[in-house]
Structure formats: C-alpha cells, structure tokens
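Following this line, the structures themselves.
Shared chain: subunit A. Partners: subunit B in the first complex, subunit C in the second.
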Partner chain A sequence: MIAARPQPAQGHFRTPLMETPFHPRLAALAETNDWYGWAGMKSLHSVYDEELEYFAIRSTAALFDISPMAKYRVRGPGSEAMLNRLTLRDVRKLAPGRVHYTAWCDDEGHVLDDGTLFRLAPDDFRLCCQGRHLPWLLDTAEGFDCTVTDETDEVAGLALQGPCSFAVLAAAGFTGAETLKPFQLRDFPHEGGRVTISRTGFTGDLGYELFVAADAALTLWDRLWSAGQPLRLKAIGYNALNRARIEAGFIVAGADFTPADQAIRTDRVRMPDEIGLDWMVDLTKSAFTGRRAIAAARAKGTLKHILVGLDIADNTPAEGAIVYHRGKREAGVVSAAIWSPTLKRNIAIASLDRPYGSRLTDDLWVEIYALRELRYAKLMKPARIVPRPFLTLPRRSATPPGRF
Partner chain B sequence: MKQHDVILIGGGHNGLVTAGYLQRAGLNVLVVEKNPWVGGAATSRDTGTGVTFSNCSYVCSLFRPEIMRDLELPKHGLQIISYEGGAVFTRDGDYLASYRDHDSHRREFARFSARDAEAYESYARDVTRQCRFIQPLLMRTAPDPVSFKPRDIAELLWIARRFGNFSAEEMAATVRFWTMSIADFLEEYFETDVIKAYLALSGIIGTALGPMSPGTAYVLLHHYMGEVDGSVGAWGYARGGMGAVTQALAASFTAAGGTIRTDAGVAKVLTKGGRTRGVVLETGEEILAPRVVSNADVKRTFLKLVDPADLPDPFLHRVKHFKMRGSSGKLNIALDGLPDFPALPEGSRCAMGDMHFTDSVERMERGYDDWKAGRWSADPFVDMMIPTQLDPTMAPPGQHFMSCFVQYCPPKLEGRDWTDADRAAFAETVVSQIADYSPGFRDRIIGMEVRTPRELEAEVGLTEGNIFQGELTFDQLLFNRPVPGYAQYRSPIPGLYICGSSTHPGGGVMGAPGRNAAAEILRDLRMHPKEMRPAHDVL
Partner chain C sequence: MTSCDAIVIGGGHNGLTAATVLAKAGRRVMLFEAGALGGTMATVEVAPGYRSSALSHLVNRLAPEVVAATGLEMTCLAAPPAPTVVLGDGDPVILRGGYGARLEGVGAEEALAFASLRAKLMGQAAILGRMLGHRPPMPGDFGLGDAWHLGLTGLAVLRKGRAEARDLMRMILTNVADVADEYLTDDRLKGLLSFDATLGAHLGPRSPGSLLGLHYRLTGSAGGVAGGQIVPRGGMGTLAAAFVSAAERAGVELRPGTRVARIEAVQGRATAVTLAGGEVVSAPVIVSAIHPGTTFLRLVDPAEIDTGLTRAFRRHRSKGNVAKLNLALNHIPAFGGLAEADLAGRIVIARSTDHVESAFNPAKYGAFSPDPAIEVVLPSLGQPEMAAKGCTLSALIQFAPYDLKEGWAGGAPRLLDTVLDILDRHAPGLRAGVIAADLLPPTEIEARCGLPGGHWHHGEMTPDQLLFNRPVHAAAGYATPLDGLFLASAGSHPGGGISGLPGLNAARHVLEVAR
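Here is the complex of A and B:
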C-alpha cells in the first residue's frame, strides 16, 4: 500500500486563474467585473469604464497591474555575455541603472519574443516579457557563468502612466524620481525594503514601472493610491492600455506577430526586420542567436513581410481587416486598429507581404467589414503608410518631468 | 435469393464503414460476422455483471468526423463526450495530473520542474506540427511509388510538395519523429521522469515495443492526430461505450438497405479462374458475390481465408513477416462504487480521465523486458479509466465500469499457450497494482472480464491479439502497409479487397482505412458517389 503524500501545491487546480499580489485592491475597485486570464492570472479588461480609463492614461494618471508578465532574473559575472548571446541589441552598451527594449530570436532568426531588459547592477539583470522562455534561457546560459531564475511569482509589477504619473510618485514621497530619465531605473526605499522604479511604459506617455517583492505589493499600491487620489489617479484594465499602446505604435507578441516557439504553421514566423525591429539588430556586436540567418536574409533579400503603421480614411476601426493593393491584390492583414481619441485619426498596425509596404507603398486599401444590426457594412477605404509611433508626446521624454 | 454486389467479412468498425459507404453508393452489401454481435474490437457488452463494458477499445479520438457526418452516425445514436484530466500516481504518494486548462497544466508540471513546465509548449508545438503533416494523409490512399500510374505520381508529388515546403529544421524533425524512440524524443524536451512516463504512454500503447525502441515516437503521433470536435489531440468517451460507434455504423448501414448476418463465420474466400466468387461460411453455406472485402487482419485474411495457391509467393512471404505481435491485455471491472484514490486531493477531476501507475520510463522498459522473455509484465503499465463517471448509460446508479488496458502481455507464455490459471494470475498482477494505490479496491469488485491476447484473438479475430492489426512502425506504414504493391486495399486476387487496420493509415478506431477502401472499390466500379465528401481541410 502506498501512502498518500498530500502537499499544498497540489491544490492549484482549484483556482486555474491565480490572483496577482494586487488582487485585493483591484477586486475592491472592479465595477465591471470584466476579468480574464492573462498568463493564468486574474486580470481586468476594464475596471470601471474602458473609455474613461483611457483618458486617465492621457490626461491624469493610471495604475495598471503588470504582475502577470514573465520575469526572469539573470545574475553572475557571465550574465552580460549570456544576454548578449541571447538578444539582438548590444548589452555592453546598456549601463547599470538603465533599461532597454530588445528582442530575441531562434537560430533561423525568427523572433521568439520582445521584452524589456533591466540592468539592475553590473552583473544583475531582469528580463520582462510576454511569453515563457525558461528552457531557452537555460540552454543559452550554458557555458556562461550566470544563473537564470524565474521570478514571475515573487515580483509584483505596476505600471504608473500618464501626465500626472510623476506628480503621483512625488506625492508618494519617492524623492529623487524627478531625475529619472527615460529608460533609467533606480531603487527607492519602501517599508523597510525597496522598490525598483524605471521610467518605462507601454503607453508612449510619461510613465513609470515599479517592481517590488510580492509581499510588499499592497503597501506599495496603498502608498501610490492615497497620494494619487488628489491627482485623479485611476486603476485601469487592459483595454484602455491597448488603445494607448496602439497610439504609441508598440507591438504585442501573439497579436502583431506570432512568436517562433508558438507558431504551428512554420511560414507564420517573423524576422526582426519583418516586424519593425530591424533597428535593434546589432551585427557589429559579438555572435548572437539568429545573427547569421538575419544577415543572410538581408543579403539575399529574402525577407517576406513588413510591419507598418497605417492611417486609414474614415472613422471605422479596421481590426482584422485585409489590406489590398490597388483594391485588388491581397497585401496583408491588420493586426491592431483603433480610432485614436488623442490624434483624431483612424490608425492601424498591419503586417504586409513584401514588396507591399517595402517597394510598393502607394495605392493601399483596407477592406473593413462592420457588422451593424445584422447587416455588414462593407467598406473599402484608402490607407496610407505612416511612421510609428503615431503619437509622440514631448512630456514622455522631458526631464525633469512635468507635474501634469 | 437476393443477389449481393459485395460481401464484407467481419463487422468491425472499418468493415462497417466500408459497407456503409458502398451501400449508400447503391451497391448491395452483405456483412457476415462470426460473432452473435457486430462491432469487432469496438463493442459494448454486459458479460453478466449488470454493468456494460467497452470490452476492447475504450476511448475515442481518432474516429474521423467526416465519416460520422457522411454516414449520419449522430442520427443513429452516436455521441462522443470529451473528458477531462488524468493522473500518473507516483510511488512516493504524490501524482502528476493532466488538466485541460493550459495554465493549470503548466503549474502542475512546475510542481516537478520549472523548466519542464515551460518546455511543454514547444513540445506541444512540435507534435502538432507533425500531426498537421500527417493528418491530410489519413483519408487518402497511399501512393504506390513504383507503379508509375499518373494518379500515384500525382499523389507522390503532392506529398513531396508538402515535404518540400518544410524548412531544413522541420524536415530533420520529421525524419527524426518517424525513426526515434519515444524515450529519446522526450529526453530532448523534459528532465522529469514522471513527466516523461506520462507522455511516453502514447508511444507504446498497443505496440510490441518498449519506450526505448526506435519507432515509438511515431506511435505517439498516431495517438495525437485525433480530435473531438476540432480539438486536436483530445480524447473522449463514446456514450454507451465504444460499441456505440459500431452500433451507429450498423444502424446507418441497415437503414441504407444493407444486410448483416451474425453467427456467420467465414471459412474460405471462394475463387474461380483467379477471380473472387464469394465466400464459404463455416457451416458450408456458399454465398456468391463478385467482390469480397475482408475486415480481418492481413494475416487472417491471406493465411487462413484464402487458398495459398491463389497467391504469389513473394506476397505470402511478406504477409507472413508482417509484424503483428500481441502485446496487451485488458481487464474490464464492474465496481459497486467509485474506488478511492487517497493521493488525489478532494475535488480533483483527475479520476475522470486516464490514470496510470507507471511513474518512470525505466519501469515501462522493464515491463517490456518481461514481454520479450515471454511473460506478462510483473510491474505492468495500466491505462485505467472509469467512463461511468460521465456516462450514465453503462451502469446502474452507484455502480461503475472500470477499463484497464494492460501492457505488456504476450500472445504465448514462454512458448506455450495461455491457461485459465495464467489468465487469473495476470489479472491478479493488475488488481494488486491498483489496490496498492486504492485501499478497499478489491472489495468493490463485483465482476471482471479478463482478456489476454488469447481471448482477443478468439473473439475479435485479431492475430496474436494485436490491437492495430499490425505494428505502426515506419517499415509498415504508407505504401508498405500491409504489403508493398498492395497498399491500395486491393489484393493479388481480383475482386478481393482488405479494409481493416492492417491497411493505411493503420489502427485505432479511426475508420479511415474503411473509408479509403470503399473509395478504391468505388473507383474500380467507376462510381463517384456524392455521399463521400472530401476530407476536412487542415487550416
């Protein structure tokens, strides 16, 4: 007879959607109760009103729980070299106390994910991303003197975004935050511990991201929340953030490109140059995974796709629409689209099949099917390729930052 | 007397699929079945316990939805129910569960290894990619690479084009998949033994190979390419047991005007002037028809039912050496209550799915070592399920049907035949394994049906009790299944066809061999019935 050996960890199946460290505060605020699963964590599509939450990002300050993001810690004397092997950009140029947006590829040069790399100390990095990559990171780390650990559950994350976000930090007593430049990070004391604040975000606005040990999450929330109330700080859900990120021209793994480790159809993968990340690829640095394939594709001109920003006539969002050249030849597909409240333009991110978008950039059309009370309005609207970000706000990069 | 266009030997699922299509195409088909019931290895019968068993096959995934639709099986009573979960009990009192929810699945793996938890994603992707390559081949006749007929050449080119679309990396992966052992394949993704053991089971089920034998990675694939309503890789229960599949096929067939004769075992296939003329039943009765289709396996068909003088020697040689080795047995147990598995926490749905006790690949391989020595495994691998938790039709309230598929179990014991005492000892080996994890299990048993390869061969007619009518190794697939040059459901004797799992694409309750065989017979008759709609696209 084999005796049963019960363990607390076995019970996870009872809560397939786990709660983030901020859950008690979000649950208290959630008027819409519009929960969804983000990487297995309970998250909100909206907290009280998607539309109003968007304006919190662009007019006051917004608080968004980013705890479900995968967070990997890379530490040790070999960590810089390991991350330089892993990622496209040159990590030697990333100074301690700085963050950069980067991406990494498989051996065929197909993008596995994009994310932000935080250099917390000379030999201490945090990599934040959408997907899970522990086996890939561990394999890459082989031969380098470093350790890779998953700290997704141990570290809670908050995005504080919007024109008043600095004012909220200042009111919450984070003295010295005014000297943080974009992509700079620093530790601040909090309740006997510390919180890492970086001037980063996913909105194209003035904003910060705060990382703290999971057990200090609620006190951090409360500190920001009470300081932020006079400044009209609001909690927001993903839908509002998504609008802001489209305006900022940011791409989302799994939506605007299919990560190579998830693509079931092998022709759906993308090289960095095919999703607008060509600027990251540093062929002058030491060898990195995918380098040879990317260089070869560039030399041979075999790149198949291109990611573009579109400005579409009229005001109907073109989500999921097919893009045509001369209104006839299929040229690609729209992966994200909104009517931009701040720009008053109908904008979209689209993946086009070259030469459309590269050599042939004129005469593009978007076919929008808008279901209106059981009848499709079929619209064929002209679209113009425009640079991303669609929206550039001076307050995003001003140092010291403004108070609103 | 009614004239028959086609006689079908054996009312198994493939035979009934072929019969159903041919009858609907306007032919007059007679199915002759040696047992008092139809169903072959897909039957549901109460053997006297008051509980209905799925006597042989016990879960459904591979059965092609195109066939269910063409033959209107839902109208004739077929319902497939998805089930959730599953668990491998470990010897230290813990278990590894399997969940439908993606994140629950990951968290469960993470209890054993953070790395393995995240490796599952790329594993699932690679398996799915390979399934997508093979799936479209299931419902097509395998091309003969040396016939040089336009159709075969076109078909070969079609496959070559699909293969040609592969990247170098994928092509390598495909070749590796078709040749590797499941143990080596899993080793490339996972580090935890119980996780590998859990995933390895699909590589050895029904196969006289161990997890470390080359070729078993493909067997895993074969079990992955099924679906339940578009959910690829999912498995379900047929409501009423697996007999519901064949009962619906039989009802569909007879509703279309077909005739079934049970208790009508065939002794010989009749030939005249090298052509098929009909069959002789074991009773001596002759039934004539210009075409005969055998649902029996390739060995039974050509070594027992056909006069060897009618067959070319090289063909006979290949049939004799077609690998069809019995490797499994089955216990169907009637229970007067749900067994208790204390290792599972309160509220766990694991017991709704498949449960195993083999927590390492090494143990599986040792189980196979016993088979090689001509013994049943002292520490067998058991695939155990209790479908009556979801299916109210098979047992009175409170009672349950427990299905235990057992591996390994040889067709002969150290060279001699099985005895009833051997069979009882075999059953005891399995029951004691279950009882190790379920206190009071023995007291719940109210009846049991024990089947070794001896019983499977005697009842179903499967040579050596091999459930796939021939191993699913690469040397016996596609145009090599069952015999090179005869992989297109025809035989050396004009008018004699085969339609069982010995033919492409092989075993499992899939129906694809039966449908493909019907398509070839209709092609010979220059008939193009609208009832046979094209296979579903793989998008």
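Here is the complex of A and C:
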C-alpha cells in the first residue's frame, strides 16, 4: 500500500489560478467556459457569445470584471510629488475627484506600463494598471512622505460600459451619477459601505468603472444585474472588450508594446513617443523618471518606432500582418486588428519602424496571411494611416449622459 | 543670492584638486567643506604633545600630473622611498626601494622569485595605470579621445608580446593568493601581498579579483619611484596644507566648516547648493567631491532623479573594513628588534595568506578576528616636533567590518585590547608605554569624516564598480544624469587613495564639456 503523502503547509500550488470576487456570478453565467488566466486570476474570453457580447457594449450595456487589474494605493502628503516622479503627466493638474490616463518609464525612457490614476482625495491616489510594479513604486517612493500598498486583492472592480450604462446605474439607485463628467469619480453608498464610481472605461463608449471592497463585490453585482435586466445588461468576456478597445484606439501593454521590464530583447522596448503617448510627456513639470532619456532621444532624433492606426482595404482582419512600404520594404507589424462591426471598416494598430509612419506615410501595404482550409491565402492589401480613435461616439462625453 | 562659476562640495584632496584646476582655468570657484580642509588627511593630537596622522598616514600614489596641474608644494614629501617591514613568524623581511626593489631577510632563491613576480606585476600595473589618468571609456558614448587612449593601452599590451598579453588576461581577475603561491614560498611575503591586495576592501586574498587591489597599489608611485611610499613630514596634515595653499594661490574661495545640506535641481539640471545655515549659492557647475552615495541619496531631492538611479546607489557597495588606531607612546617601540631607520616606513603584521584570509572570514559575518592583520606607521619618527618624548603610532586594522554585529560601542574597546596585545607581542613593552589611544572603527570614520560606510575608496573597487561602472553606470565618467552636477571623489574613476586623479579628471572633464 502506498502511504498518504503528508500535506504541505501551503496549498497555494493547488490553485494555479485564483478566483476574482465576482467568480460565483461569472461561473454561473459562463456558457462557453472559455477561461483564461489574467494576472493569475480566472477570467473569461467570452461568456456566452463573443459577437453578441460586443453588441451589448455598443447597443445596450455590458458588465466586465476588471478585478485582476493591479491596483495600487498611494497615500500621504508626499504622494502627489512621488507620483509626479513616477509618471509622465503632471499630477498637480489632476484635481481630486478626477482620473487621468498616464504612463511611466524606466531611466532609459522606456515604457514600463500605462494605467489610470484616480485622485480619490488630495493625498489619496489609486493607480490601476496591467503589470505588477510594487518594487518599482516602493523604490520611487523612497524619500517621499507617502505609503504605497498593493490593494489588488482587496478591491474588486467592474466595468459597466455601453449606451445604457448610465440607465443601469440610475435604475440601480445610484442617484447623482448623472452629474459625473468623463474622467470624474465619486463615492456612492452601497450596503452600508461605499463604491467608487468613475466615468471611465476601455471601450470608447459611454461607461463607468466601479471599485468596491472585495467582500461587497457580489452584492454590487446583484444590484447592477437585477436593475440591468430590463435594459439588456450582459456579462462579457475579454474578446468583446478587445474589439471595442481597438475601435477606440486604446493600446494594451504586452500586446501593442512590450513593457520594458518584461522585454527579453533589448531592442524591443518602446519610448512613449514610439507608442503614441508623446502627448503625455510633460517636460515642463518637475523631473520624472525617464525625462532625461526622452528629451535626449527627441533632441538627437533617435526614436526608432511609431505607433499608427491603419485603415486596410479588404475585409480580412490583419492580425499579426507585416506592413510593407511600396509592397517591398518591411516597415513594421500589426499588433491589433479587427473588422469593425460599427465602422464597417478593416482597422488595425501597427508598430512601424521610422521613417515609415513618420516621414514616409504613403504607399503602405499589409500582407495578410489568411488560413483557408489548409492553405494560406496571401493578401497584399493597401493600408492608409488614419488617426486614432477610429471610432468617436458623442454619447461617450455628453453630460448629462443619455439613457438610450 | 551668491553665485560663482563652479561650486566644489567637499574639501578632501580630490575636491581641493578639482577646485584648484578649475580656478587655474579662470573659473570663479567656491569650495564648501563640512569640517576641516583635507578630508582624511590631517594631523591630530592624540595626547598633548603627541601628533599623529588622523586617518590616512602614507603617500604612495599621489599622481605627478596632479602635482603639476595644481602646483602642489612638495617639501613634506621630499624623502627617499620608505621601507616596508613584514613581521611574521621569526625574522622580519624588509622591502626597500619601490615595493621591494631590494629585499632583506629571505634567501637568494626566494629573492629571485620575488623579483620576477614583482617585475610581472609592475609591468601589468604600468599598462593598467594608463587608464587611470583620464575619463574611463564610456560604452555608447565613445569618443575619438577614448579610442586613442584605448588604442595606446592596447599597443602597450601588444608591445610586451603575446605571452605577456595572455598572462595579463589570465591573471587580471584572479586572486592574489593563487598568484603568490605560483611564485613564492615565503609565507611572510605572501602575507604582505595578501594584505596589500585587500587593504580597504571587503575581500580576502582568496576572493576572486583580489589581485586587482595589488595591481592598483602598484600603479602608484612616490618621489618618482614606482611602488614607492613616503611618510610625510609633519603628518598628513602638512600635505593637506599644501593642497590648501595651492587652492588659495589659484584663487579658490575656501569655506571650511560649511556643510552643504542640499543640491538644488530643476527639471534635470543642478542649479545651486543650500548650505546648512540656509544660504543658497548658485553656479552652472557643481562638482561633488564627497561620497557619491551621499550626493545622490542625501543631498539631491529624490524627485529630481530617476528611480533606477536611486536603486543603483542603494545597491552601491561601500561598507568599510578598516579601523584606524592612533597611539601616543612614551617610547619608540622596537618592532622586530629593528633599528629606527628600518621603522621609518610601514610595518605590516601579516604572517601568511592564511593569516589574512582568516582575519577576513569573520568580517563576512559581522565580526572581527581575534588575530587581525595590521599596518603600522610611526608618524613622529625622527621628528621631535611631532612627539617630544616617545613616539606616536598610527595603525590600520584589517578587517573591521562596518556592520559589526555586537555594535562598535562594545566592539571598539575589545578590538583595541586585541590590537594592543598583538602590537605588544611584536614590540615588547609597547602596551605598558601607551599614554593615549584612539581607535576609530568604520562607523566613527563615517561620523568624523562625513564618509558613509567609512570606506577607504568611497565604494568597493571590484569590476562591477570600476571604470564605466564607477560609482554606478549612470553616474560614471564624472558627468551625472543631472546636468551641471559632476562627481569627483574617490568614489569615481579611478578610485581611492591619495592620488588626486578623480579630482583632476573630473575638473578636466568639466572644462571640456562646460565651457
């Protein structure tokens, strides 16, 4: 007989993927069972039908679990100065009760991550991002009168997006939400506690993000879900969200750029100007990490890449396609692409090697490899550089928001 | 607000050198020194009427180009090279001339073996020494001048022939213990090489790379003699005074007793310093000739520098391993039963490689050895004005780790007791003749000299912290990530010891880039 193995003191390895606070609700809804690991947590690529989930974002309302996003809390009198050292934009200009999209770099000016910075109070911030950055944040905070804590597990997050998202909030009893302007945030009462609602999102549509203590996650879900049913609120997975974000022209760390701390090949890192974030770089504010390198690269003209939006002839999505100049010279690669159902256009986000995309912007082609029943159809299609976002929806920014 | 062309922070010999060279080039220079001018070079009273060298006590690498560039007055060093006496078991060995050009106390065969090892190391040091007198080559920012210097160094290697070039590459990162074993049989000589290679470092003779410390020592010279050493007349304070008067002659405005509290910077450029008293002085050039870690972790606002730079300085290894002892004695100690003339240089108590290695072992674990290796200098010898009756003794004790587990408050008296016992064994009656004793562990050196870690070189001299990585990569080559701020202390290339080269190289770089 084989003796039972002794139980190790820790069982963490038995749960390679953790569950988010919303897991019981998502598991009950999941029809496709298309689970994947997002930052070590069980997440869904799709809940029931990717196409229909996309249309929930654009036509009714969609609920997406963003709990796996890394969430850092920076508090204390020195937090504004510390975050100004960390990030590219001027945090002094971020008023309490507002959110801004920002990014941060290493000393060489290579982007470590992008994310949203929430100013919850004058000396209280939350930073949300894809990657894990606690050591970097702690080292940046050294010498500043502030504390940095990782609250990823303690705080659950939901994105409520789509034309009916405000109507769902209103129906769920979040009175006063109508006055929230884009990038504004406020606390609302919930079950004796509170939920922070910001008018933000990753879809380019009217939408909100809600942050709540993990133990109040399920009651928040239920509150939105029951209020949202008459409005056709749907739970969605990442694939639908990804389509919407491409239409909105947003970039994703790890997909459209390789974070500097993860790049294995030293030439695969990107400066802000190389991924379309040049507008964030505030050289007039106080110093920040990477400032010197970015200013030098601009002065010396050593920027190597550029991120562009492409409009491609034909209707086959150009995912992973190689971009050519004059159909011959390799000019870059497509990092995200879809056939946009709303725009009825074939759009893509591409990373080009300068001068393609900067000086040479005409005569670009993409070579799409479409696998059609064990044979690749090689399509060489003309592509045009177009501004991002591809899709601009007036309802996204109208205040008060529509009910639709 | 007061302003000038260049501010120098720190009045050690490197700060004084940089200030003098800048002033001679026509810049209006102000130098701020927290304590007394001279840094580790000072002459102190151990007891009324007994004067010794406060910290450093020997001159063996003061660079001729520094003397020329500053116009340094050298009378206190006008002497032939002083001998080194090695005290091990049995009779002493005496090295005369430049690092034992002549040997006494070993057999003819061993003397020949030493001569061939000495020639080998001196030849290699002459090549490596070419890299010390100018800015280190910076990868990614490699200029014509760098190519020229590197080319010359390469030629110098090749001129010695393929076999020598190969040998240099074989030996350069090896340890002193193996090299000593390769050539020598005499334990006292091996002990001396082990001691000299590791003095001031957190390395034992068997640690990889320890030979480099010996190479570095042999790149130095005194009185024009390679490997030579001189005990300055009047103690190190006289040499400090010479540096000070060179600076005064050049027109440097010297402000001793003035601590710099902050380096002000705006958007990536250093603009001014704020003094401890609150006064602000601005200048387009600020040369920091104090410990580089202090410069970036204490004086500069972290908001003004990149996170990676803070990280690099937090990892910078700079914890001292040497304690200093000054004694006032009522007699001249008869070390090894030798004549006074033979004791006019230094006396090294290092019996063997094993002795030095065992002295190092406890240092790895935050303790000192009950049997440390010791270098002794008698600064007052032949100078009644330094000690009218008797003698002063200056000793360096290796190893005395900065982070002593038991704490130096209790550790210092125990170490003093240990050291006095050892000295008494080699110079019977010494202990009974002690009038006053002052033992400075690294923590005390740190406190008295504003030298974090109390480190000899302002940072370990291992390959990870040399050349274009000295003190850290982003701040190597004297320029720093803050425009207008330059580094010039021993923490920068080429490193520590009384050479003046970091100060000179830094000043020359400033003159080149900040016209």
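The working rule: the second predicted complex is superposed on the first by the 395 of 404 C-alpha atoms of A that agree within 3 Å, B and C clash if a C-alpha of one lies under 4 Å from a C-alpha of the other, contacts with A are read in each partner's own complex, and residues count from 1 in each chain.
As a working rule, a residue touches a chain if its C-beta (ideal position, glycine included) is under 8 Å from a C-beta of that chain, and two chains touch if they have at least 3 such contacts.
Owing to the predicted nature of the structure, the values given are computational and were not obtained by experimental measurement.
A.B. asks: Taking the superposition on A as described, I'd like to know which of subunit B and subunit C A:T266 touches: first, second, both or neither.
C.D. replies: first
A.B. asks: Quick one: classify A:H12 as touching subunit B (first), subunit C (second), both or neither.
C.D. replies: A:H12 sits against subunit B, while subunit C stays out of touch.
A.B. asks: In the overlaid three-chain picture, which partner chain does A:S351 touch, first (subunit B) or second (subunit C), both, or neither?
C.D. replies: Touch partners of A:S351: none, neither subunit B nor subunit C.
A.B. asks: Examine A:T258 and indicate which partner it touches, taking first as subunit B and second as subunit C; both and neither are also allowed.
C.D. replies: neither
A.B. asks: Count the residues of subunit A touched by subunit B and by subunit C, then name the partner with the higher count.
C.D. replies: B
A.B. asks: Report for A:Q130: first if it touches subunit B alone, second if subunit C alone, otherwise both or neither.
C.D. replies: After superposition on chain A, A:Q130 lies in contact with neither partner.
A.B. asks: What is the contact status of A:R85 with respect to subunit B (first) and subunit C (second): first, second, both, or neither?
C.D. replies: Second partner only.
A.B. asks: Of the residues on subunit A, which ones does subunit B touch that subunit C also touches?
C.D. replies: Common interface on subunit A, subunit B vs subunit C: 107-108.
A.B. asks: Of all residues in subunit A, which touch subunit C in the complex?
C.D. replies: Those in contact with subunit C are residues 81-82, 84-86, 106-108, 136, 139-140, 142-144, 283-284, 286-287, 289-292, 295.
A.B. asks: Over in the complex, which subunit C residues touch subunit A? Could you list them?
C.D. replies: 265-268, 297, 301-311, 314, 474, 481
A.B. asks: Help me check something: in the complex, which residues belonging to subunit A touch subunit B?
C.D. replies: Those in contact with subunit B are residues 1-7, 9-14, 16-18, 37, 39-40, 107-108, 132-135, 138, 150, 261-267.
A.B. asks: With touch defined as at the start, can you tell me which subunit B residues reach subunit A in the complex?
C.D. replies: 89, 91-95, 97, 99, 101-104, 106-108, 111, 114-115, 117-119, 121-122, 125, 128-129, 132, 165-167, 169-170, 189, 342-343, 345, 347-349, 435-437, 439
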